[in-house]
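What follows is subunit A paired twice: with subunit B in the first complex and subunit C in the second.
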Partner chain A sequence: MKDPSATRVPARALTQRQTIGAFWLFVLPFAGLTAVFGIWPIILSLQVSFTESASALQPSAQWVGWSNYASVLADPIFVSSLSRTLVYTLLAVVSTIVLALAYAMLLHSPWLGRGVTLFKIAIFLPVVTPDVAGYVVWRWLFDQSFGAVNTALGALSMPTFGGLASTDTVIWAVLIAELWHHVGFYVVIFLANLALCDRGVREAAQIDGADAWQTFWHVTLPELRPALLVNSVYALIQYLKTFTVVAVMTKGGPNDSTNFVSYYAYQLFEQGRYGEATAMASILFGIVIALALGLMMIQRGSVSR
Partner chain B sequence: MGSWSRRGLAYAVACTVSLICLYPYWWMLVSAFRSTEAILSSPLRPWPEDISLQVFSEVASIGGTPLWRYVVNSLFITSLATAIGTAVTALGAYALVRRPDVLLFRLLRAGFLATIMYPYMLLVIPVYIVMYKLGLLGGYPGIILFLSLSPIQFFLFEQFFRTIPSSVMEAATIDGANEAQILVHVVMPMAVPVVVTATIVSFLLNWAQWLPVMVVSRSPDTYTLPVALLNLNGELGVNFQGIMALAVITTLPVTLFFLLAQRRVMSGMTAGAVKG
Partner chain C sequence: MARVELRGVGKSYDGRTCVIQNIDLQIEDGEFAVFVGPSGCGKSTLLRMIAGLESITEGSVSIDGNRVNDVLPRHRDIAMVFQDYALYPHKTLYENMAFGLRLRKTPESEIRRRVMDVAALLQIDTMLDRKPAALSGGQRQRVAIGRAIVRQPKVFLFDEPLSNLDAQLRGEMRSEIKKLHQRLGATIVYVTHDQVEAMTLADRICVLQGGHKLQHGTPAQIYGAPATRFVAGFIGSPPMNLVPCRLSDGRAFLGSLAIALPERLARAGGGRDRALFGIRPENILPTSEDSGAIPVPATVVMTEPLGADTLVTLRVADSDVVARWPPHFSGRRGETVCAHFSVSHMHLFDAESGAAL
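Right after this comes the complex of A and B.
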């Protein structure tokens, strides 16, 4: 009558209760670091965003309610910085995904036999290169007088590129440098997904008369859904936070045309305007979470459909 | 289009992309050995006029601090942050994977994920305030402890520990082993490859870190190479050759490291993204 598993479960629960202490010990350092350098700062940041900047570091911080948020949202530099950040993020995410997917398909294609490893190394090397060093080099490549970019364009008798000096081109210059640094990461993720795909299904589709475009659209792309989801969430989070490239190459200029939210907030922090800086951080944090969750939900919905 | 011309085209595109990826390294390396005037007159010259090591004496001291100090700082901070991070994160991830039934463990995981979602560059602002309150500003411990919290390590370990079947632990428990013994004798031997991967990947990432180092530091005495490079690049009166030389010094060690362990680095950094 007695189910053997019925007696086994409580027994296991008993040993689990006895050994929980060991796990607390294992987790303690990690919990400590996460609490002190993750959770506490985030809570503190929220708290500071409701206090007056000058008193933020004092024990008797002065509460000012939502006024930091109000002044941030009324600040025309912040509003244009936010819309600039969103436009740039969209541009960067789309170009990253499209380029990475196209290049991964090329590297995965049967046309490239030997050499794929070398091509992978070449595209991934910029990913592990310290971003400051990479962007410093790009800053000088784009330079009007030193720059190799314009000299090369001139040699090919093509029009010169305004690079970092012109408000019209600076976004593209920043995007090129960022793509150079980041795209390899996304290529390798797509390649990992492509390696899991079933070549047989694709061949069957081709035998049934599907052309290359139909095969890609109806067979390969649905199979790549996991990588597409991960890559777009990663890229979204990453480009919304765009910072280093601006700090190294443009300092937000010329004329604020690359003054993205995280850079603007950091500038305020350096001026000691902690309240407004943390209010901006909270707003950006909210946008990151909302967009990332939204994207995940859209993808989940399309999977279950 | 014939199969051969298709192959040719594929190779041509792949070679062009690779060239664009690699050219900045070559330009940086060549520029480090050329004078500012020489670069101004012909920026595209593919090799230096002559090999002179004179530039390295120009970057022997940056902002009044000797170059070796930055090199030692980089090595010291990166190594220690990597070692602490690997140990702490491995143990933490292990506990969280083994005991997801504990509510506080689940909350801790959620808090960690929130930390990752927070715009990292802006997390530095409140971390500065925390360091101020704890008196950690200006010293090595604050920099090292903050850097040792690494998302990619956590995901690598979490993913690995989830693949260990629970029957392995149960068998050891039945044999009378306690949790510490299971960890040391059963789990750790299995975890060696993932520990190696996590160590290499986070060494590369920590080497590149600059903003936390800059914000927590109070003087160039605790600056690492990327921070020194940023400072040199921002100085008035451009020392172009010096900037390129320092960029080479900052890049070369991790480049060699990557080339030696490229397979591990690529799979490690992208692991967990797509389930295999």
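Right after this comes the complex of A and C.
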């Protein structure tokens, strides 16, 4: 029988050059896609924001410096839109995190027994539903004439819900539709973190004397900091850019009460005011980056303490 | 401190899978009780039932005379040390130890006094501002023990606390735990799969297998008078030699070799023609120093010098037995020797059930 060691070739470690080459070989395709479809549009958008709207899309666009930004910041509609966006974002982020956490805790508990699969499907199905289709259905549900929401409320002898027709209730209607669509995603993140939590630590807390709320507050919640950070930042970015739900359900109304920054910028695009529209988008971009980074620094600071 | 009583305690899952069966046990006030057995025998489940972390399907558990089946863990006045320490990762050592006292609204000054005293006792007082991730395994285990001690509970529960430590540290911590028990006089229920820990720490040992209690007694009783072949083989290192034999006329036949049994065993084995003959390694002597010992011809199979002793594997009739002989023994493989079986230390076990006769 042939001695296998006679044909054995000694393993050769990759040289540093080969290692770097392999790294770039794998990274370049995806880096290229990110650069072309991610970073390049941002750079172009920034460029357009410094040009005059009439010539913005032409090769010889006229440079106007900061005047588009000045115009946007002096626009009272933009200012009210921005404050509206920030208030809505705060409301939506808090609601999303609280609901997603509560639902994840429920799924993680033994209370649902074998029904847990049904509950998981129920919360995640809206996430994978096309958002436009979902929001169209919600528009119908909130319709004042034939919507199911008011029909059900009427059957229970409860006051009707103004839905999309009233400036007092439209924010809540939009929020309900958004929560329906998005919460499932955040539940998955929380569930993944909960799965990593040490059951023994919770049991130690029970033996130390903690009731369910104390165990959650003092033990579980601190262990969920990674998921809270990820979800908070992601929700912040998502809701600051709210667009689709407004475009489908309210068109910014009634009376501009849902005219968030993204939708207002879109309206300016439709009017051909490209310079101001991209300036508005850039301001929003800057706010998103600043708030997201700030949130990450606060959360990481509290973890290190 | 308190007494713990288990009456007919049983546990099953989904009404079918039975993991604990009908266990009766009494742990006296201040006793160091050890549950020992192989993995999967139910010892941790039994401990968790005492703690209230597992429900009790049958029977009752009482602490200090009070039935606690339906009492939540936080109301049982017990403290537990977990195998993987279960320290709060985001809290400092001080906060880990103070947490239970804070929940009970203990005054801050009292919390500080207790934590500092226990930390000094366990030699962790210089690291109270650190978090668990910055500590070694042994230090974390001390913190876990300290967290239990500051609570001054009625009963301490230890769930294989030394399993994750290396051999040297395990030995050191074993001594620490023994000293703590002597100092505190606490009622301790300790779970381990290590029979050395069980023998060295326990006032009484409960040997479990397959959810059943096989024997409950002092280390000397468990070692000297094992109730079943499993206990005989599990406790002691090396384990007891167990050899199938035929019984006839008050003698045990190991192959063609006849060994006269002491009267108590001859009587106990009456009516049976088969049994298991048992003798511990240290009761197979190299010389006839014990006047009651029976000489048995044997052939040396293997020697394992341990330093303080030498383990000698001997071929006796058709079976191999292990003897613990002095370190100067230098027999060669194949050499014929005369071993001496101590009559007063022979055991017989039923061939079918394994029960001691």
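Assume the second predicted complex is superposed on the first by the 275 of 305 C-alpha atoms of A that agree within 3 Å, B and C clash if a C-alpha of one lies under 4 Å from a C-alpha of the other, contacts with A are read in each partner's own complex, and residues count from 1 in each chain.
By our rule, a contact is a pair of C-beta atoms (placed from the backbone, for glycine too) under 8 Å apart; a residue touches a chain by one contact, two chains touch by 3 or more.
Please read all numbers here as calculations on a predicted model, not as lab measurements.
With the C-alpha superposition on subunit A as described, subunit C and subunit B fit side by side in the combined arrangement.
Seen from the CA centre of subunit A, the centres of subunit B and subunit C span an angle of about 90°, rounded to a multiple of 10.
By the touch criterion defined above, A:107 lies against subunit B but remains apart from subunit C after alignment on the C-alpha atoms of chain A.
Looking at the shared chain after the overlay, A:209 reaches subunit C, while subunit B stays out of its contact range. The larger set of touched subunit A residues comes from B, when the choice is between subunit B and subunit C. By the touch criterion defined above, A:198 lies against subunit C but remains apart from subunit B after alignment on the C-alpha atoms of chain A.
Of the two partner chains placed by the overlay, only subunit B lies in contact with A:120; subunit C stays clear of it. Contact with subunit C, but none with subunit B, is seen for A:222 once the two complexes are overlaid on the shared chain. Following the chain A superposition, subunit B and subunit C show a smallest Cα-Cα distance of 10 angstrom.
On subunit C, the positions that touch subunit A within their shared complex are 51-53, 72-74, 78-80, 82-84, 86-90, 99-100, 103-104, 147, 151. Listed in rising order, the residues of subunit B touching subunit A in the complex are 3, 6-7, 9-11, 13-14, 17-18, 20-22, 24-25, 27-28, 31, 39-40, 42-44, 87-89, 91-96, 98-99, 101-102, 105, 108, 111-112, 114-115, 117-130, 132, 134, 145-146, 148-149, 173, 178-180, 183, 204, 207-208, 210-211, 225-227, 229-230, 233, 240, 243-244, 247, 250-251, 254-255, 258-259, 262, 265-267, 269-270, 273-276. Contact residues on subunit A toward subunit B in their complex (touch as defined above): 15-16, 19-20, 22-24, 26-27, 29-31, 33-42, 44-45, 48, 56-57, 103, 106-107, 109, 111-112, 115, 118-134, 136-141, 145-148, 151-152, 155, 180, 184-185, 188-189, 192-193, 196, 226-227, 230-231, 234, 237, 240-241, 243-244, 247-248, 262, 265-266, 269, 274, 277-278, 280-281, 284-285, 288-289, 292. Per the touch definition, subunit A reaches subunit C in the complex via residues 198, 200-201, 203-211, 214, 218-219, 222-223, 225, 303.
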